[in-house]
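The structure appears below as structure tokens.
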Amino acid sequence: MPYVNIKVTREGTSPDRPSVTPEQKAELIKGVSELLLKVLNKPLDWTFVVINEVEKEDWGVGGLPVDEWRRQKAAAK
Amino acid sequence: MPYVNIKVTREGTSPDRPSVTPEQKAELIKGVSELLLKVLNKPLDWTFVVINEVEKEDWGVGGLPVDEWRRQKAAAK
Amino acid sequence: MPYVNIKVTREGTSPDRPSVTPEQKAELIKGVSELLLKVLNKPLDWTFVVINEVEKEDWGVGGLPVDEWRRQKAAAK
Amino acid sequence: MPYVNIKVTREGTSPDRPSVTPEQKAELIKGVSELLLKVLNKPLDWTFVVINEVEKEDWGVGGLPVDEWRRQKAAAK
Amino acid sequence: MPYVNIKVTREGTSPDRPSVTPEQKAELIKGVSELLLKVLNKPLDWTFVVINEVEKEDWGVGGLPVDEWRRQKAAAK
Amino acid sequence: MPYVNIKVTREGTSPDRPSVTPEQKAELIKGVSELLLKVLNKPLDWTFVVINEVEKEDWGVGGLPVDEWRRQKAAAK
């Protein structure tokens, strides 16, 4: 009876993509469900996965919205 | 002091509806708040309910996005 | 494909009970699953319910831990 | 290693604003991250914050969607 | 910036284990973090994973606590 | 109508403390509730805060349980 929630920032893995693609989401669902089958013997049909894409202005790290935090990290190098 | 979170796939209960209606959401809020009052004596004003509609490509079951999983279940019959 | 999470403070409905009983939990599970069947036609087998009992020192309202908040509300009457 | 999730109704703090502004979100992220640093010595870089704005029809209190609950509270005064 | 929450019932994968072992938890953490690296290029250090074991009386499916649901499924065969 | 969930590893801020103290929890509840009042004008009584302490073996970062990740970070310096 697993329930998995995956939260990621809404952004693509290449400049032409504004967000995670349906294919990538399907890979995440498949991968994590198979992981629970392998490690804990959970039948695939018993695993629910919910993916949430979170706008970058809604995600904070280092006390800053994520884009601002990345800018400061890059500038500090 | 209850907090209830209800997650459902974003889809309607009939073909002409793309999503859960405001009336259905109000029914869910009323129903679950009254349930907590009945079972645990929780005053209605102390119960918060948050409903999340989740896009079908973001919901996985059986290792697949939910639409694909339903297609395979239907085909297997 | 609903997923429901119910969070309540860990406390009983009568002085001799330190927490929610298994019977009350079963009632919550039954009630909310049937609500989703009635309002949104969700098959019972597709609804997962997770109940979390939260220690009272971990639940805040009014800027205070819940026991302290209740004391102040009672005193203000 | 803190993770903080802040859920608020999607609405502005003045009539001309339909939602929480990016500046207000940045203030929330900064404020809660600094709180965890001050109270629990958590380094800022270890704190993730996720903000969710929830449509008012998806937020229930008092057994009602929040707008209806506010109307009844206002009418009862 | 991913955050992953994995909820499973508290039970072992063999009769002598009352719960998920620390080694199995480490495998879940490793597996899901590497999945996010592979599919979305998320650096391992940016992925937080939180595992929750949920007592079986707190997990419902089919309108029943999970143990009761399993008993009925087994009896129906 | 805010709801705030704060998850931290279960550990104390000094060697003699195994976990977050009730006083520290009260500070977190007060601090975050006042932050929402200041930034978004949310009345204190409308803000629920739930704190979860997560066992260290249940928290992953960098693909590892948090204790192991800290050991490797310390060793790499």
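Order of writing sets the labels: A, B, C, D, E and F. Residues in every chain begin at 1.
Basically, a residue touches a chain if its C-beta (ideal position, glycine included) is under 8 Å from a C-beta of that chain, and two chains touch if they have at least 3 such contacts.
If you're wondering where the values come from, they're calculated on a predicted model, not measured in any experiment.
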item	value
Which of C-E and A-E has more C-beta pairs touching across its chains	A-E
Listed chain pair B-D, B-C or A-E that repeats interface E-F [over half of contact pairs the same by residue number]	B-D
Approximate Å spacing (C-alpha centroids) for the pair chain B, chain E	21
Distance from chain C to chain A - Cα centre to Cα centre, in angstrom	29
Mean-CA-position distance for chain F and chain D (Å)	17
Residues of chain F whose C-beta touches two or more other chains	1, 3, 7, 28, 32, 48, 50, 59, 61
Graph class of chain-chain contacts, one of line, ring, star, complete, other	other
Contact pairs between chains, per stated definition	A-B, A-C, A-D, A-E, B-C, B-D, B-F, C-E, C-F, D-E, D-F, E-F
Complex contacts: residues of chain A adjacent to chain E	1-9, 13, 20, 24, 27-28, 31-32, 35-36, 38-42, 59, 61, 66
Residues of chain C that touch chain E when the two form their complex	22, 25-26, 28-30, 32-34, 44-45, 47-53
Chain E partner contacts - residues on chain F that touch it in the complex	7, 54, 57-65, 68
Sites on chain F touched by chain B in the complex	1, 3, 48, 50
